[in-house]
Structure formats: structure tokens, C-alpha cells
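Sharing a structure, written as C-alpha cells. Questions coming.
Chain naming follows the written order as A, B, C, D, E, F, G and H, and within any one chain the residues start at number 1.
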Amino acid sequence: MKVTVLVGSKSDLEIAEKVRTRLAEFGVPCDVHVASAHRTPDKVDRLVRDPETDVFVAMAGLSAALPGAVAARTLKPVIGVPLHRGLGLDSLLSVVQMPPGVPVAAVGLDAAENAALLATAILALKFPELTGALERYRAKWREEPAPTPGSGS
Amino acid sequence: MKVTVLVGSKSDLEIAEKVRTRLAEFGVPCDVHVASAHRTPDKVDRLVRDPETDVFVAMAGLSAALPGAVAARTLKPVIGVPLHRGLGLDSLLSVVQMPPGVPVAAVGLDAAENAALLATAILALKFPELTGALERYRAKWREEPAPTPGSGS
Amino acid sequence: MKVTVLVGSKSDLEIAEKVRTRLAEFGVPCDVHVASAHRTPDKVDRLVRDPETDVFVAMAGLSAALPGAVAARTLKPVIGVPLHRGLGLDSLLSVVQMPPGVPVAAVGLDAAENAALLATAILALKFPELTGALERYRAKWREEPAPTPGSGS
Amino acid sequence: MKVTVLVGSKSDLEIAEKVRTRLAEFGVPCDVHVASAHRTPDKVDRLVRDPETDVFVAMAGLSAALPGAVAARTLKPVIGVPLHRGLGLDSLLSVVQMPPGVPVAAVGLDAAENAALLATAILALKFPELTGALERYRAKWREEPAPTPGSGS
Amino acid sequence: MKVTVLVGSKSDLEIAEKVRTRLAEFGVPCDVHVASAHRTPDKVDRLVRDPETDVFVAMAGLSAALPGAVAARTLKPVIGVPLHRGLGLDSLLSVVQMPPGVPVAAVGLDAAENAALLATAILALKFPELTGALERYRAKWREEPAPTPGSGS
Amino acid sequence: MKVTVLVGSKSDLEIAEKVRTRLAEFGVPCDVHVASAHRTPDKVDRLVRDPETDVFVAMAGLSAALPGAVAARTLKPVIGVPLHRGLGLDSLLSVVQMPPGVPVAAVGLDAAENAALLATAILALKFPELTGALERYRAKWREEPAPTPGSGS
Amino acid sequence: MKVTVLVGSKSDLEIAEKVRTRLAEFGVPCDVHVASAHRTPDKVDRLVRDPETDVFVAMAGLSAALPGAVAARTLKPVIGVPLHRGLGLDSLLSVVQMPPGVPVAAVGLDAAENAALLATAILALKFPELTGALERYRAKWREEPAPTPGSGS
Amino acid sequence: MKVTVLVGSKSDLEIAEKVRTRLAEFGVPCDVHVASAHRTPDKVDRLVRDPETDVFVAMAGLSAALPGAVAARTLKPVIGVPLHRGLGLDSLLSVVQMPPGVPVAAVGLDAAENAALLATAILALKFPELTGALERYRAKWREEPAPTPGSGS
């Protein structure tokens, strides 16, 4: 069981670490790699072929090609996290408006928390032992939402 | 193994059927229900508690609350499909910009094809026999993309 | 006579208090509750069934489901206040572009002042004694607009 | 008990009639007037002073000044309906982003149905006999949503 | 010869003063008034009837009704200045997307400088003695643009 | 007394004729020219130097440079009409968001009617005999708005 | 001397042919290939390594990854053409908002004509014999603009 | 071999210098000039006729006419850099949505780095000795992206 998080540059590692931290709380192993569809496609290729990884998380700003690049290389689920760098709408539309055949599971702008939750929910189908952790998270969350950006709903 | 697709009204059944048709080609059983977070929350509650369902797909236009309503009621993966009814941007933002704690896997506007593919990719973690179908789809897709809306990439 | 204000998390209480403060000046009792359509739907259910409440105010950011969730559960008037958390346009469109059958009275982004005024105007139909307070407010406002965000018009 | 609907020109009468038709089904008397804040402000003034009217509905496209013009002239509740004529976003933002002191209850683009529902919900506070009609509407709506624009939710 | 500038509240006086200052440099008398289409329509009416005024400048943020309100009351030229208060796009669209019959000469967001230049250009048709001042301004501007917001072009 | 209308290509002549027709009804002479800042800057230069012209109207779609090009070459008032060709928002923002020093009087998308009205209002400062025509137009308009695009207000 | 045009699917060949037709008129050889960064990255790799090609044109709609994928694989100039398939703004932002290090020369939505012109202008640096063709085109264009979408300027 | 960078005012020189600095690292001579299509068209004319220049870079905010003005005056390649001054979307759309016949190679908002890279890629067709510098840049960039705005991809 493993989640692999890809970010395109070192400067995005901080938000990637938020995904790892949350996953660690769920007991989900997570690797974070700096790998870019544009700069280091071979590294992306290699990471994508990792048989240990069950779910990929790809995070990028501006014209965010990384989530789609990963989704085109694997048949495993790929979660895309648009990062708010330019207009916000640029990365959001780049991640969510994928052409047919390249499914990306988009979450909101800078939504590291939801990326980790979605990855765990996907993993829990295969690893039912994760359900307990998700239930505990959700029970606590019902008391007060996660501290990360956004407001209650 | 089952995918449950929820749409808010009969008038949206046609696009829901596209999800079912594609899933059927993959050998994934799929139920389609008209159920609305606003109109028939009890039906949503009941459907969401269905232990047979592994992945939910919720499709809605305008201020699209259904994907989030499903995601708040289950710990299973929820795919949200914004439907282009009003401005387009309204349902797209409503589905993708979820607050932390309510993870929705958003695909693009009217992206029935990608919703089916993403659901199958998620299921394939648990049901590896689906991988063959996905591989055959992808091999064929490499020759020519899916006929549904959008262009190549 | 009572207005019930719902916000999804503690972090939104400050702007909810602006509604309460203004309503208090009009002599309108107002309860503020942290209750979320996603996190605590049972609490929303319970609050919505409160027979004392005449008007609801629901405030949320991002994909703002709370106003619609309240409007779907009650036949009483529901005022929705989109909070500027992400792009601004996300919560605004989520609150105003409601599907038919779920009427929400949307005010502007972070418009606590107008939410209180609208609630009082609605109440004044039934409780004409409020009209005097509204008239005094408006007479004073004609001299100089409310200090809250925005500019003259 | 009366709702007064204002539209700025004859060419908008068709959508105003949708409001009247729905209100008639609820037993709510409704007058429809062509009156424009820009063209016939005196007519707006006169209509707004009508003591019989409990709720106003103002519908306009483009830079939609009519809802605010009515709201500035009355202390009664004013529902604003942005009409999709130019970009859509123009009338929507003009109706919802009102400055503090001029509360308008905005509904969605071309949302005649929700305008009628909201007006009736407001009236039902004072005229509880309307509650039965709203309950019957909602019971039927739970079976299938209103046929007007938009999709289920 | 006179330009009358209207802003809706005291808090917008600072940007109105920029118009006055620039006009003073051109030798154009300019009155600045706080007057609101919503709050003080009678004051707007009175100011608009001022026979001394040749050109009006109306400045407002959010749903900016003031420029249209002035334009509907006079046959003289009306310059509208959208102020960047909420989303920016809200006041911009409210000022520029006027319905036919209510001509407003829109300038850019917060464009006090261009409002003064446009007013002077309009006045110079009738008062050719202003042409010299405009020519001197333009000659100097050709050396280096005005210091107010924006960049060269 | 003359208004000169510039459009960038023959394909835009139809909407330019709407300006001329309306101006003719006001007794305002109007020349329409195909002239492009990009294609035929010398023709623009020549037209802009025409001493007979009092007001210029420049109409363009997409990245609409023509209004600004005219405004940079003359000290006379320039009315810009964004044409809805691509996204709509492209020409609208290109015409209205002019840098300081290049004042353009923007009207709405495809707003030929308001361009003619604004031009006449500007001319009426110098040629008071036009006031009667404007008053007759407005009196008639008060009965029913202009038939061109948009709705009442 | 060669331009290579890449489109992601057969359904986009028609607009690619417009580029080829225009280039043919300039005497520029042009190959058109269906090749997708997502579907057939190896074909993209192979085409990009073609030593004969001087300039690449990549056309795509929705989240348009192809231009960036080509630009990341070559040091030759890459022109990106966003195709208007979904919202328009999605492909436009995806093509133009490239991260630093991956330069794409974006032209407008569906702007096949400008893509061909830009490619030829780039080639003319190295192949000055093309200048004559460009000059003849421009001379003719000065008479009347190209017939493809958009209006004069 | 020379790149000429044009910015409309002194206040934009800082970002123009980023282009020059990067080009200098590639060994590409670069002149930076303050020249405005609106303010100093003769200077633009003169600079554009410079036979030494191979590629132009034009940078502007708001309604950014400079790139198109240069492109209309030369047959050489013109790179347009929209500067984020007002809404961001204003200059971006003004630069990218050029009418047919005026090709501008748009890069992203404030994308000085990509403008320099694109200029060098274009020059390298004619001056193959630049290829080495681009290859070294790219090799280094593959290790870590450029430090200028944006994130990895």
C-alpha cells in the first residue's frame, strides 16, 4: 500500500508534505517526489511504473500538465491538485477539464487535505483496515472541520 | 462490485446512461438512480448506505450539491460530474471547490467517459480482473480517442 | 420572532456575529449556530425544524452547500451569504445558481449587513413593529452608508 | 396579499408571466408591470408605494439596476432575477453584489420558478394559509423537479 | 463650464479628488458630491438638473448603479468609473453593460485619470480653449505616462 | 458637425450602419470607414486628422486595439464599442481597461444604439439644436425601450 | 524547411488543414500528424526529434497539454493553438499560462491563420526567401483582412 | 543578432530587464526601450524598422496594445508578454486574442523567463550556435526549474 505524490519543483514540496502528513496519520505510506512532466519525464515514467503505488497525487500550478501526464501513463487512480499560483482559474481548469480517456480526479485549489482523504478512501476499498482511521477522522471532523484553507459548509 | 450513479432528475438520465454503458463494457455493474440531495435526501441516504456499492458517481448542474452531499455521507470514493446547464463555471466550481473534509473527485464538464474510467481505475485496485479491460480500452484509445466531447490532447 | 444564523465552522463565527449585532439593533432575536450540511446534517435538521425561527441565514465559502441544504429542508425563507474564501466566484455561484425548487435569497460576498437587513424586511411583513427600526436605519443610512465593505452607489 | 413583478420592457414579459403563473397556483395574487428604473422611474416610484404589495420581484438583464432601484425605494423584501441576455455574468453580478444598505434577494439566472417560491415562502410568514400550497408543491417536487431550466441536485 | 463628480459615499471621496485635481490642472471647474442613486436619489436628481454642469462623472463599486442612474436622468454625457471593491469584474460589468437607451461612457477600473481626460476632451468640443491644456498634457505624457495605476502601452 | 465611425473590416459594417442609422435620425452626419489600426494605420491617421469630425466611434472584436489607437491619435472624444466575436470578455476588457492617458469611452458589447446616443449627447454640448432630438428619443424610449439587444432596466 | 502540425485526434484535423493550406500558399512545407501527448507520447517523441522540422504547431482543446508536451521535448519554437471546445477559457489558459522553462508561443482560440503566419515569420529569419510571400500576404491583407474568425482591428 | 524589448513606461523596466538578463546569459544581445504604441508610436515605428533586430518582445498590462502594434508593423516574430496590473485576465486576453493577420506569440502573465527562452529558440533556427546555450539551460533546468514565478509542472 502506497501513495506517491509528485510535485513539479522543490518550491511546491511544502504543500506536498501536507498530503504526506495527513496520510501518515491514517497509516498510509506515502512517498513525495519532485518530478515534472516537462522537466523530468523519465523520472515520471519511472515513478509511475512503481508497482507498489496504488494511488498517485499530482500537484501543479499555472498550466498544470502533471496530473494528466501521470494519468496518461498509468491505469491507477490519479488525484490532481491545482495550485493557486497565477490566476487560480488557470490551474483549476487545466486539472479538471481533461479530455476523454485521461481521467483525473480533481480536488480544489491547494486542497491537500481533500487529496489525502480521497486517496485514503480509494485505498480503503482494497485495504479495509483503513476504514477505521477514516471513521475516526470523520467523527472528529464532525466536531470541527480541518484547519486547512476554506470555511465550513 | 458495483458503481452507483446518482442524478438529480429524470432529465439528466441520458448522460448517466453514458456512464453505465461504458462501465458495462468494462464488466462493471452499475445502477443509475434519480436521487437528489435537495428533493430526496432520504433516498440519497439509503443509496449511500448500500454496502454493495464501491464507488459513487454524482452528476449535477448549476449549484451542484449532489456530489458533496454524497461525499459527506460515505467514506467511499465519490466522483462528481459537473453538468453544463447554466454558465458551466457554476457547476464546475461547485463540484471541484469542496471544503476540506468532503473529498469529491471532480472530472470535467459533462465528462461521463472520464467518470466511468476513473470509477473503473479505482475499482481495479480491489478487483484486478478489471485491469485487462482498462488495458484494452487504453490500447484502443491510443489508436483514436473516445468519441465523446472534447478534442485530442 | 427569531432569525437563526448557521455557519459551517467556528472560523466563520466572526462574520455571523455581524449579522447578529445588526439584528440586535433592530430588536430581532438571533441565534448563531455552527452547523454544517456536510459535517453535522442532523444538527442542521434539528435547527431547521425549530418552530420559533422565521428566517434562516446560511453563510459558507468555497462550494457553499449550506444555504441550499437549509432551503431544501424548510419552507421558510433562507438567505444565503457567500463567503470570499477561494476565488470568490466559487461561493457566489454556488449560492445564487440554485436549481428550481430550492429557493435561496442570495446576497453579495461577505454581505452580513444586507443579510440582516433582508431578514428584517422579511420579518417586518409579519411583525410590523420592526418597520420603525428599518425606517430609522434607512434614514440614518441616507446620511452615510453602512461602514461594512463596499462603496456607495 | 400581493406580489408585484417589475420588468423593464415588454420583451421581458414572457419570463415575468412564469412568475405570475406559479404564484397563481399558490393562490398568491400577482401584478406584472413593465416599469424601468431608467425609463420610467416615476412608475417604479408609484408601484413601490403600493401598500397592497408585500413582496417585489424585479427582473432585468445586462447591467441590471431595477432590483436595486426597487430595494432602495422600499423597506419590503425585493427579489432580484438576473436575466441571461449578454454574458450572463453581467446581470448576475449586478443583481447579487449590492452595496450595504440595499438588500436584494438574488435568485439564479432566469430563475422565475425560484423567485415565485421565495416570494411565497416570505409571504407564508404572514399568511400561514400559504404553507399548505408550498407543502403540496414540495411534496410533488420531491417526486420530480420543476420543468424549468436547470437539472436535478 | 463644469464637471460634476458623484460618488456614493464619503469613503470614495479620495479617488473622486483625483478627478478634481487633474481637471483643475486643465482649468476645468469641478464639483465633487457624495450622492447615491440608492441613498439620496433626490440629491442625485437635484445635482443632475444643475444647468451649469456639462459632463457628469459617476464612480461606484460592486453593483454600480450610480452611472446608469445619472445617465437615465440627464441627456448630458455621463462618464462611469467602476471602482475595484469586490471582484472588480462586478463593478466593471455593471458600469459598461448598460441596456440600450442609457448611454454611459465607461472607463477602466479606478481610472480617475482617464475620466478626467475624457471629460476634458468632451468639454473641448464646446470650449476650444481647453485644447491647449490637453495638448500640453499629451506632449508631457508622451515623455512619460501618468503616474496613476496601470502600465505603459 | 460629424461623427466618424471606424470598423476594422467589411464584415463589421453591418453593426456600424446601426450607429449611422440612429445618428441620421438625430440629424447627425456620420461617415463610416473601414480602417484598421493594424492593417491600415495610415488611413486611421488620415481619418483621425479630419477637422470636421467631432466624435469618433471605433468598433472591434477580440483584442480590440482600434478604439485605443484612435484615442492615442486625437484629443477628441473616442467611443469604443467592443464586438462580441470570441469570448466577449476579450473585446470588452480590451476596450474598457485602457491605460492612463488614452481615454476611451466604452459602451457595452455590440452596443451600437448607446454609442450613437453617447455621441449625440457629447455633440449636443456644442450643438444645442440636437437636444430636441435627444429629448424626443428619450420621451419615446420612456414608452418602450430601443429594440436592439438587451432587456429593460 | 518544414512545419510540423500536431493535433490530438482525427476530429481536429480540419482546423489543422487550415494551417497547412495557408503555409502552402507561402511555400512552406507542412506535415500534419495526429499525435497526442496523452495517447501516443512515443509518436510525439518521434515527431519532435524530426531534424527536418523547424517549427512545431500544436493544437488542442480543453486542458490542452499538447503544446507544452512538445515544448518540453524540443528546443525549437512551438506554437500553441487553443481550440474552443469546452469553456474556451480552459484551453486558452492551459496553452498560455505555461510554467517557466517551457516556452509556448500561444495564439488565440482557433487561430489557425495566425499560427501559420507566426510560423512563417519565424522561418523567415532563417529562410529570407519567405519574406516576399509574407509581404505579399500583408499587402493583400491591408486591403481586407483574412476571412477566418474574428473581426477587424 | 538582436532582440529588442519594448515596454510602455519606465515603471515596467524592471521586468524587461529580466528578459535582458536571461538573454545575456545565452549570449543574445538585447536592447530594452521604453516605447509605447499610444504615447510614442513614432519611436515604435523607428525601433520596429531596425534591421538588426530579429525578434521583438513587447510587454504591457491592462488593455495591452503594444504587442499587436509591433506585430502590425513588422514581419518579424513578435513575442507578447501580458503584465498582471489590473485583473490579469485583461492583459492576457488583449495579448493572446489577436485578430487574424496580426500574429503575436503570447507567453503567460509576467512570463519574462519564457519570453527570453522563446526568443532564443526562434533565433537558434538562424544562429545554431545558440543551441548549445539552450541545451545547457535545459539540462540545468531539468535539475530544478527557473526561480521566477510559477511552480513545477
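Just so we're on the same page, a contact is a pair of C-beta atoms (placed from the backbone, for glycine too) under 8 Å apart; a residue touches a chain by one contact, two chains touch by 3 or more.
None of these values were measured; they are calculated from a predicted model.
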Partner chains that chain F and chain G have in common: H
Steps needed, at minimum, to go from chain C to chain F via contacts: 2
Same-interface partner of F-G, chosen from the options B-G, A-B or A-G, over half of the pairs matching: B-G
Chain centre separation (chain B, chain D; CA means) in Å: 35
Chain D-chain G separation of Cα centroids, rounded to whole Å: 49
Whole-Å separation of chain centres (CA-atom averages), chain A against chain F: 51
Length of the line joining the C-alpha centres of chain E and chain F, rounded to whole Å: 18
For chain H, residues that touch 2 or more chains besides their own: 8, 37-39, 60-63, 65, 68, 86-87, 89, 92, 96-99, 101-102, 108-109, 141, 145, 149-153
Which chain pairs touch, all of them: A-B, A-C, A-G, A-H, B-C, B-D, B-G, C-D, C-E, D-E, D-F, E-F, E-H, F-G, F-H, G-H
Residue ranges of chain H touching chain E (in the complex, touch as defined): 7-12, 34, 36-40, 60-66, 83, 85-87
Sites on chain F touched by chain D in the complex: 88-89, 92, 108-109, 141-142, 144-145, 149-153
In the complex, chain A residues that touch chain G: 8, 37-39, 41, 60-63, 65, 68-69, 71-73, 86-87, 89-91, 93-99, 101-102
Chain E-touching residues of chain F, taken from the complex the two chains share: 54-55, 68, 75-79, 92, 96-109, 111, 113-115, 117-118, 121-126, 131, 134-135, 138, 141, 145-146, 148-153
